[in-house]
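We just call them A, B, C and D in the order they show up, numbering each chain from 1.
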Amino acid sequence: MRSSLKDIGTLMPKSAIGRNLALLILIVGGVLTYKVTYFYQGPIMGLSTYTPKQPIPFSHKQHAGDLKINCQYCHTYARRSEMAGVPSISTCNNCHANLAVESDAITFLKKNIEAKTPIEWERVFKLPDHVFFNHKRHIKKEFECQKCHGPIETMEVVGKVNEFKMGFCLDCHQQEQAPTDCWTCHT
Amino acid sequence: MGSHSEKHILTTKFQTLQNEGKAHGINAGSDVDLHMSDEILNEKSLRPMFRTTKAWFVYTLALSSLVAWAVACWGYQIWNGMGVTNLKHPVFWGMYIATFVFWVGVSHSGTMVSSILRLVSANWRRPILRGAEAMTTFSLLVAGMFPLIHVGRLWRVYYMFPLPNQRELWPNLRSPLAWDMTAITVYLTASSLFLFVGLLPDIAVARDLCPKGNWRSLYLKILALGWRGTHRQWMIYEKASIYLAIFVLMIAPSVHTIVSWDFAMSITPVWHTTIFGPYFVVGAIYSGVAGVITLMILLRWVFKLDDVIKLVHLTNLSKMLLLMSIIWTYFYFTDYLVTWYGNNPVEMNVWEWQTERFSLQLIVMLGCSVATIGLLSWDWVRKSPGMLLFITIWVNTAMYLERYLIVVPVLTHRDNPYTWTDYWPSFIETSIAVGAAAYFLMLYAIFIKLMPIVTIADVKEGKIITGDIAIGNTNIRAYGDPGEH
Amino acid sequence: MDRRKFLKIGGTVAATGLVGSCGQIAQKVIPFAIPPDEGINPVEGWFYNTACRMCDSGCGIMVRVVEGRAKKVEGNPDHPINKGGVCARGQAAVQQLYHPERLMTPMRREGAKGTGNLVPITWEEAISMISENMKNAKEDSSFIIAGDGSDMTAAITARILKNMGSDNFAVSGFDSREKFIEATSSTGTPKVPYYDIANASAVLLLGADIFEGGASPVHYGWAFGQMRRGNKTKRGQLFYAGPRLSMTAASADHFFAVKQGTLGQFALGIANEILHIAEEEHLLKNLPATKVEEWRHAIGGYTPEETSIRTTVPADKVKHLAMELVEHLPAVVVPGDDVALHTNGLESLKAVEFLNSILRELAAEKGLSSVPVLPKENKELYRAMNEFIGVPEKAKKYSALKGVIGKAATGSQRFGLILHSNPVYATPKALKAADALTKVKFVAQVTNFLDDTSLYADVVLPDLHFLESWSAQVVDFPHGVPVFNTIQPVVNAAPGTMQAGDALLKAASMAGLGVGIANQEVMVKNMLIQFRSKWNGIPAGLNEKQAWEALLQKGGWWADIHHKAEKAISEGSAWVTSDQLKVGDPAFAGGNDFTFYLHPYSTVNMGDGNVSNLSWLQEMPEPMTTVSWGSWVEINPKTAKGMGVANGDMLKVESPFGSVEAPALVYPGIGPETVAVPFGYGHVSFGKNATARGANAMDLLGDFPNGNGGLPAWRAIRVKVTKTGTKKDIIREANPKGEYEGTEIFQL
Amino acid sequence: MVSWSFNTKHDNDYKWALVIDLDRCNGCGACTVSCQAENNVAVVGEELALQKRVMSWLRIERYFEGEWPNIRTVFLPMMCQQCENAPCEPVCPVFATYHNPEGLNAMIYNRCIGTRFCGNNCPYSVRKFNWFDYGFESPLNEQLNPDVSVRDAGVMEKCSFCMQRIRRGKDRAKDEGRKVQDGDIMPACGQTCPTNAITFGNMHDPESEVAKLIETKRRHRLLEEHGTHPSVYYLKGGA
């Protein structure tokens, strides 16, 4: 112990290089922490983190991808409301009244239609209740749904692609010169 | 060289040496006992550290149980919400903030006093430095707790730190609280550094005198940072302590000024005044010096350090106290006069309320400043530890009340008369405030057992520069004059 | 500001089966079973027009409904009564709807009456029990006490009652209005006069707390706003004369403290002074000189000096007030409880009407008038619709209630039905309603909450809340202009509850007393069918369904009112003849040892106490005293000092009829010889918010003067006040000292 | 407005103002309950009310002058004054309350750490603190307004001029490709006021009713000596 520490002087790097090195390490370290903390909470592009099992194995790939049904045909409130809205069973019935009726998913659907009981879907995309997102405004600006929800039309089972953290919203709002006033989303 | 025999002494021949030390004629006038041998000095200074009585354990245990209770109360408060305090609408600040300001104030004695005395190289400073500096550090530790206890959402308090985050939100540097946080942390760092650097040579002494197998040797070896007392080390040491002294001297007033801005920067009637900065600083030093004196008297009484920490130190400190009390009184009444002359109805209402509701506190507070000035003008009072103890404790009580009277009355009776109300701290608040005091004393008690409480090196230095030096057969008077006091 | 633009008028009833919780964070997403109509934003929600039933003023409201949940009550801007405004009580309707203590299942009594030991039963059991007891009821052995006699449930039950061979129908929601009807009965068209405050430029309120109770606080609030600042050029003057500084009085420019029971004399004094002025300034030329002479002679005694002796108002103030009224025409004088509820109530009311007729005359000479003109056909229509409802006019009188309770007390009654009313709590203790109900063989109560009366009921039916039910209401609106409110369900019924009207219909038909109506909704439709032709405003082209929707979308039907009259000699003055122009001195219940006048009054948040279990209203500070969560006894500061009473000291208030205990509130707005006690507190059993909270002022009231069948003189009671020695915290928002500093600090 | 204030710059379209005609206000308190219903303001109950912890964002202050029988009463509806130069804003260490581009004092609950400095620095004492977690007993939670977040223990809250309504009004105006006009937006208090004492609108629109009203000589603002420049204007009573 004593031998290792000759005196207080040894605490300071002697050479100028040593001092600059120390400074450099400090700066780089600072920048790194910033980046790390940022990306840690930021979006995780490309990989679905949360894919719950739905009561009906509804395939967005088939409907939105292959059949190219417009998103807003089913999610009909998106254009006029804060929420996009999960389609009501009657919407499904528009097509499935006489389409693929034999499949057991549709029979399950039919049962619900007769009973007038809504299907309880698992929520995939959540926002905390102090955040107020407005679908209408974004649709009116002709935003791609995919921009936030990811490549839905390629998904058999819908999964969460983006962490809807504040940073995720903020990036976009800054790029598009959208308002960044806190009250735009928080009340 | 002599380390072996000294260790020996420390264990067995202690009593006799003590008697010798007593036997020496101690000239009360001078601040260092020229005839006291280094051994005895080491003895006396290290005894509190190595000799632990039952009383100490009882004392510390009692304190720590108080602290434990306070912590429990805090936990209860976090769990249930701030409602367990008696704070209400619109009295959003109360006892916690008052206590915070008080402890920040107390912290202003030690480091500042010692650095001033260092810089003016007042010889009588020597034995008291350590105690004073330790006091600063610990009272700051206590003070630092209170903002955390005060906030409503402790788990979100990191919002106040400039951490990079994906929300791209940063602290608001316009807020006095942000300044506060910075100031306190800087001050804490600086004063702990100051304390540590001052400790180095003494830690070394302790290390060398540490009996074999005593557990203290573990950390003493490390913390001594290989201090050998070489010439180079002493030079660096001197430089460092001077630089630090200057640095701390610059920080200290700024800290309490900023604390005062928590109030003065707001538009709350009685707080919104320019004099608060200096007024708070003076108040801080006032209470701080009183605190130092209290502690010194207790130390020399408990650990029989009468001939290390001598009457003359107390006397000189009490002169400083007298000065401070005069200045503080001046500031208090200036503030009062200006506000009174302004004759703002709201402020007049606050005072009316204050005098009818807090009359007792006012009497204690103002009576104190009168009394200190009155009593301390007497020489015999300045020379009687008992009186000084009484006065200094009164001073700190008064200064606590002063903070309370700054925070509370105006909030209970501010601009909107419809919301006028009353406030009295709840049991939880009181327990936490008491626990804080206990926490301070506990830290101090433990510190005494871990580090030498007397600045041995400084005292020795003082002895050398004021005593005789033997050169050959003749003793030559060193520079400095023992009879200067 | 035009609220119409802001709010979409709601459509007809919501698509059923709206559940789910979007907006809030939840694990499941539950879509609509049936998608709501295109163009609706489901987050913003729907606004449905219906009517407020928190009191019987009959304001039109629109309720915001999001995903099948009622969120907020707003006023219907087109409605003639509230003009888009809602009062505090109305706002609390949604809290009543979702109240945790709402009764969700029928209950049957176990054990003795009054113990309140109730056990849940099924609807089938309840209905069969009721029908059984309906069968057993013989001639004149059944009665109904209803909270309001103007809605569909009342209509249905009235029909059933008739089939049961009885007409013991009583409405418990009484106030001083029936006195007005009595007073105006000699005119041939008995009605509560409508005072057109909105178009007046000076208004004198004689103890009339029109913003706190009475006909319609919201409507008169609107009228007050119009009078004050509706006209950009002139500001209407408001004067208040009465024994207490009420919330209404607080808005007045001048407050005149008048001794209890002398307001009629005060009115005559002013009339006298006005006639004096008129003589000097040669006004009233259009009237036959003889009539004026007659009047001058009749009220010659009421000189300002005389009046000031009687009323304790300084003579110069009387003169000044008279001058003000003459200068600010058209001027209206509004009598209130302090005029009507005294032993000289009728004379006083007539005196006030007389003063009004003079003022109308003066206004008419200047070509101004503020007499609402009521088209004849409207009056006919109003009567017709009331007849359709079928609740006899007399049922709305106090005497009816007294009679019914009296009959019950004899033990002759076998079947009693209590509709949204709490007679055990809301009637004077002297009536002994509780004892009477215990003597009745079978009492069924229809309610939303278990209350004081439920303790004495054999079966309690959980009715739908009015926001869940089909109903309609013919509002007894003082215009005499018929206002017909439709009440539609804006949300689905709470589980376990059922439309009580339907249940009673079922029970009746089981008992063979059927009235041939399926349910309440059909009743409303029937009214549409019957009156549609007379209801102008509903286009003739529409088929029944469209007409129905149009009606619901509007929230009902009402005639337009126009206020300008060509000729001023209105029915107001017709009946005033000189021999009627005298007002006797008031008599008071309680002898000389009763040293204080009692001033019982209803506050703006508690009303008569039927909403006391709503925490929003309990926590809202009463505007004048700023007290919340409890009742109090108001006492003048000087008197309090004399008695050594401070805020919070418990006071025992004893009247000849009973006594209450409540904490003292030192209140500068009350005379040194008066104490005031608010209604609406002191329930025996009404949920955790209301039970045992404060004291029930009803306990102090009684039948006085005995003998006359009309509404008792409840402001003519004297009381003893004594300190009990105990203390109780009063929750008071204002700081007693600070409330005198505000005007200076805020420069108001 | 105030050159020396630290305020963020204004967008020139909107500057919201509330005008309260004290001559019309009859103190009935409908606004207070309406506010409670609209903004999910919690009920604290008897004990906490006694401890002055009522959460209401809007209260009607009642002031007296003189003695019986010559008493003058003033009703003063008091809510957040949305100061142009707000004392509460600079003191918040975490930007939980800040000045929004439309001149309102925004309060972001989930950013608040509860130092309560803002409440201390408000001369009108209109900020309320969540001393506890006041729940909404089921099924009362069914009534909660989905446009307003429910506040947690330890955060400040206050009147927001019903900004959820402002947002919706602007949203609707945007859809119709126009600016917000009078009547598009009305806070809950003004919506329910029986006497129409409360007017709300855009000060920057010279045609708006508020812009006209605040030019009248009855215009009055509270504690102007503090230089807070409130956006709530009172029209004094009297002639």
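The criterion applied here is as follows: a residue touches a chain if its C-beta (ideal position, glycine included) is under 8 Å from a C-beta of that chain, and two chains touch if they have at least 3 such contacts.
This structure is a prediction, so every number in the text was calculated from the model and none was measured.
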Selected interface, A-B versus B-D, where C-beta contact pairs are more numerous: B-D
Distance between the centres, which are taken as Cα means, of chain D and chain B, whole angstrom: 46
Where chain A and chain B are represented by their mean Cα positions, the distance between them in whole Å: 54
Rounded Å distance, chain C centre to chain D centre (Cα mean): 31
Chain B-chain C separation of Cα centroids, rounded to whole Å: 69
For chain A, residues that touch 2 or more chains besides their own: 128-129, 136
Overlap residues in chain B, where contacts from two or more other chains coincide: 415-419, 421
Interface hub residues of chain C, defined as touching at least two other chains: 22-24, 43-44, 733-734, 739-742, 745
Touch-based graph of the chains, sorted into line, ring, star, complete or other: complete
Contact set on chain B toward chain D in their complex: 80-83, 86-90, 92-93, 147, 150-153, 156-157, 159-160, 169-172, 174-178, 181, 262, 265-268, 411, 414-419, 421
Residue ranges of chain A touching chain C (in the complex, touch as defined): 76-77, 80-83, 85-91, 116-123, 126-129, 136
Of chain C, residues touching chain D in the complex: 1-6, 22-24, 43-44, 66-67, 69-75, 82, 84-88, 90-92, 94-95, 97-100, 211-212, 217-218, 221-222, 224-225, 228-229, 235, 245, 247-248, 250-251, 255-257, 604-605, 615-617, 619-621, 623-624, 626, 628-630, 636-637, 668-672, 729, 731, 733-734, 739-743, 745-748
Chain A-touching residues of chain D, taken from the complex the two chains share: 98, 100-101, 104, 106, 108-111, 147-150, 160, 163-164, 167, 171, 174-175
Chain B to chain C touching residues, read off their complex: 345-346, 349, 413, 415-421
